[in-house]
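Remarks on the structure that follows.
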Amino acid sequence: MSGATPADPTRSPFSAARIDDDAFASMRRANLARWPTGAEVELDEAVAFHKSLPAHKNLSAAMRRADAEGRCLTQPRGGFGTLALQLELMRALDRDGLADIVPMTTDSYTRNEQWQRAEAGIAESERAGRSMLNGFPLVCYGPRTARQLIDAIDKPAIVLSGTSMPRLTGEVGFAAGFTGYLGSGLAYTTSYTKDFSIEDGIRNYQYLDRLTALYRERGVDLHRRQPGFLTGTNIPPCIAIVTAVLDALLAAGQGVRDYGLELGQTLHLVQDAAAIRACRELVQEYLVKAGHEDVFTPVTSLHWMGAWPYDDAQAAALVAYGGTLAAIGGAVSVTTKSTHEAFGIPTPEANAAGLRTSRMAIYLARRIRLDDLPEFQRETALIGREVRPIVDRILEMGDGDVAVGTIRACEAGVLDIPWSPNRQIRSRVLPARDADGYLRILEPGDMPFPKDVLEVHEALLRKRAERDGVPYGRDLAVASVYELSEGLETLLPPR
Amino acid sequence: MSARATGPARGRKLVTGVIGADTHIVGNRILSMALEEAGFEVVSLGAITPAGDFVKAAIETAADAIMVSSLYGQGELDCPGFRDLCIEAGLENILIYVGGNLVVGKQDWRDVERRFLAMGFDRAFPPNTRTDEVIETLNADFAARSEGRRIAE
Amino acid sequence: MSGATPADPTRSPFSAARIDDDAFASMRRANLARWPTGAEVELDEAVAFHKSLPAHKNLSAAMRRADAEGRCLTQPRGGFGTLALQLELMRALDRDGLADIVPMTTDSYTRNEQWQRAEAGIAESERAGRSMLNGFPLVCYGPRTARQLIDAIDKPAIVLSGTSMPRLTGEVGFAAGFTGYLGSGLAYTTSYTKDFSIEDGIRNYQYLDRLTALYRERGVDLHRRQPGFLTGTNIPPCIAIVTAVLDALLAAGQGVRDYGLELGQTLHLVQDAAAIRACRELVQEYLVKAGHEDVFTPVTSLHWMGAWPYDDAQAAALVAYGGTLAAIGGAVSVTTKSTHEAFGIPTPEANAAGLRTSRMAIYLARRIRLDDLPEFQRETALIGREVRPIVDRILEMGDGDVAVGTIRACEAGVLDIPWSPNRQIRSRVLPARDADGYLRILEPGDMPFPKDVLEVHEALLRKRAERDGVPYGRDLAVASVYELSEGLETLLPPR
Amino acid sequence: MSARATGPARGRKLVTGVIGADTHIVGNRILSMALEEAGFEVVSLGAITPAGDFVKAAIETAADAIMVSSLYGQGELDCPGFRDLCIEAGLENILIYVGGNLVVGKQDWRDVERRFLAMGFDRAFPPNTRTDEVIETLNADFAARSEGRRIAE
């Protein structure tokens, strides 16, 4: 399944340049023709609908306001295979979970544009009386029907669709009244696909970003987001931020002005606060350098994205701490999980409970900040020393074009992603936790981190190997994948 | 990760992969690494692998077992008919395991296991299965097979 | 019900002096004669039993070891009305909860030496098939039977008996093999009784402390603890610590060398860390001044002791944060609660779940400390400026005798306790939360806090009154009592 | 805390206290404060109050109602027979409320309420009862009484 839809008539040379209006118009026609519900998408009508929504149902406005007020908004994930189940879910998250942002997660067939299989999944779900799909088949239902979801809630709604093929889910989602869309060409293609070309992934998101800009030209601000959590598996802040900078430059190039940055939590209070601070500053630094002075880039902190403990009581601590880390770290919103995480997609009840636990944790965090803590300042500076050399190198490789540089950097391993399923990614870079619980880089692969930086990482990881009495090597990385899913008898044995 | 392939299991060929549109590669990769270290020969198909590709690879490599991962919840849509595919391809007796987060949501395991055994998998493994356990089970099952039984009790 | 048991033949003049051996011997005879099971207490046999216990079942050793290793141990509360239920509970807390310290909470009749009523409670509980008592009737069962509880677990066990009358529960508990006992004359009498004289409360704990020293003379170290959480209702660290200093001086005077200090959490990360640090330092400062160089005073941090939210999901955040606060604050142990807190005594399952959630939170806290945070240093110093003037004044009032000074200070309101049920306590001092979530002093009553300190508190509380648009006054104190029990719609309304 | 005593409730005399060996004074004190502010006359007995003392105080002060707090869980042991004590003392019809955490553990409220009404309390209040609600209820019940009914529906 490749993303280079031959149907696409106007395949322009690959670059970071803004897609021009005529080309984009015919790209849209071709795209919308790919599935019947595409015909329901009418830009003018959609724009009018968005303008009819109250400001508090627009995610771009909600994020800007939360940022101004120093609040941390809550948002879960959630998708089921039928409209009825999805309506019930989104209502429960809004009312019982007090979610500030309500999600609609698409199913994995829809993500991969296997719409017939998604249709079958709807039928199976209706037959079984429970969801057989892991998300909502947005394209099958189409924008008119999906609008019922927007009417059912009193919050902004966001499309969550981990995919390299967002063009139709994007068109349908925006037309339905969703005001946010999570996803980016570099991050998702390297983390959610196997054979899909990174170039095509970037092209597809250039389409979505250009579409977002089109709405903006018509006076409708929509919130785009970069999934810097990548494979969710011990991603060190620096690697997440490198991809955030690149995807942000690509989005800004298409005219996006509301671009959120999602960071998976490391679960270390200081490292997460440093990551949130560094992410926003570094992305702004490179946007401004590239001449994009007015892009709003709030950071969203994500509850632990790696393996969870198989005990609800233990998991409850990760849920609560997830709120604490986001709030103290100064994130503008937090994406929450539930005590069911290790087992399966949560029930609406468990999902809403996770939202409330997180919300209470945010309240308890009061206005505490770590800015004046020397350890926080050291870590923030360290992230800068890690990110800049990589990004500068990648921009160099592109001879001034960030899109081209990104592809070349992936080919050369200059840009590498831990635990990536994608064959164009070497995935030789390997992270592990150090003795103090910080995520560090065990093997840099071919990423050009400065020598002194790598020495810091190695020294800290060797300390851990000594403490645990294990050899210094790959086993540290594998043990770090399992770590948080271990039982308490293993993590903190009573004596 | 200390368990080793023993007895009749030594050197057996295993096909691994993640079925359907499922991108969860981490557990599958760690499992494949562990199986290799343990002394199995592993043909690793990676993430997002159509059912047919497992069977094709099994035939081409004359594999002794197929290890299907499904994490993302749609295993109940991707896995039915898997055994039939094998049979049609002439792999009546190939050993088939399935493991991961097989269904949508936190469901009673015994019930889920029943469903997947009914689909024709020789064994189904719940979340939180560690690689050592998988290796021990493979040892036991290949031993059983060398005695003519389908799998160990 | 008065504590001055006329039965007591040797009523010496009230002072902080060590009870002399002969007087104590006859006091013990009289005490043990008050209820049949008292006859089962034989010091030599009890000492022999304690010496037969492995070191890991001795609380004094466990606390010293945890302190040396920088660990934070977990301990819940828990008591049921029959031996069978108590055995099941303590096993569950040990095995399923991984409790590092297993509790035995006595019922409220036993605490008040209403043993006949406790007997009736046992019968009622057996008839009803569930516990009708809020704790375990230790004295009714007696030391021989209670020893089954010690044999049933593989951890140190502590007696929790909020009372001013610990003399028989103490004798029975220690003889049964419990190695810890929570309670003190000043703190409990002012927080758990109405008409009970503070002098008698102190006398009763001097007995218990002297008994502890007696075991020590025989080579058995037992862990005593001061309940500085007092009424559990918005107690500012300074007031808790003042009582900790006084009770510690009284205990040391009887020969106690293992004296834990319990602090209820304020639920503010920085204030709790500062309180834990200041408490240990200030108590040591005054112990050393008084010539007690070798008293071990580890601090125990208690999950929120005020009103809890009536929502399990919300409560889960307080449980988890309770572990975070204790660990980051550097407490040697944490006393845990459960998501059932607002409703009733938790089931063994809910209680064990609370332990695991806390334990995971402790793990996640890694080795983070706030020592280098200027805000932490400011708060720690502020607590010192609050505590010293009060303690110094109280010691003055006693003309060199801390026991006498304490009584006079209570009469004069120099020592005052918020929300106290005891009629000898003015309870005019009123705490409230400031705009940043710190507990401050709204009304000092007659406590001689320095003027500049009170100005700090008032300024901060006025900020909160302004923010909330409410008048500066008592309503702030009442609102602060309810605050953490409010629903999230109130605490953090979605917009 | 804004509700006021209205109509026939104005100036009524209420005895408050915490029954048994129960030291939980905070809620009882806040309740007493609120009742006073609302315009009731409050005789506050405080914590750890034997059942008999409530009745004695009610007679001495000719009270119109008794407000029994029980938080510590042993209400089921302290409260049975409370109504009989009142009757013996000639207070057949005095209004009696009970509130707090009445029983040991998190139990179904409708069930707990049933038990305490069976003991002869006119009303029982669950945890998380706010003072305004109590005052409104007193207003309604005293109004009902002025019309000869025992309590309002």
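Assorted remarks:
Going in written order, the chains are labelled A, B, C and D, and every chain counts its residues from 1.
Convention: a residue touches a chain if its C-beta (ideal position, glycine included) is under 8 Å from a C-beta of that chain, and two chains touch if they have at least 3 such contacts.
All values derive from a computational prediction rather than experimental measurement.
Annotation: omitting subunit C yields the touching groups A, B | D among the remaining chains.
Any chain bridging subunit B and subunit D, meaning touching each of them, is missing here; the list is empty.
Chain geometry summary: the mean Cα position of subunit A and that of subunit C are 46 Å apart.
In whole angstrom, the spacing between the mean C-alpha positions of subunit B and subunit C is 55.
The distance from the centre of subunit A to the centre of subunit B, with each centre set as the mean of the Cα atoms, comes to 31 Å.
All chain pairs that touch, listed by label, are A-B, A-C, C-D. Taken in their complex, subunit B has these residues touching subunit A: 1, 18, 20-23, 25-26, 29-30, 33, 46-49, 72-74, 76-77, 101, 103-107, 127-128.
Taken together, the subunit A residues at the contact with subunit C in this complex read 56, 65, 98-100, 155, 267-270, 309, 311-314, 316-321, 323-324, 328, 352-368, 370, 372-375, 436-437, 488-489, 491-492, 494-495.
Across the complex, subunit C meets subunit D through its residues 107-109, 111-112, 114, 117, 120-121, 124, 130-134, 162, 191-195, 231, 233, 307, 310, 340, 342-347, 350, 419-421, 423, 475, 478, 481, 485.
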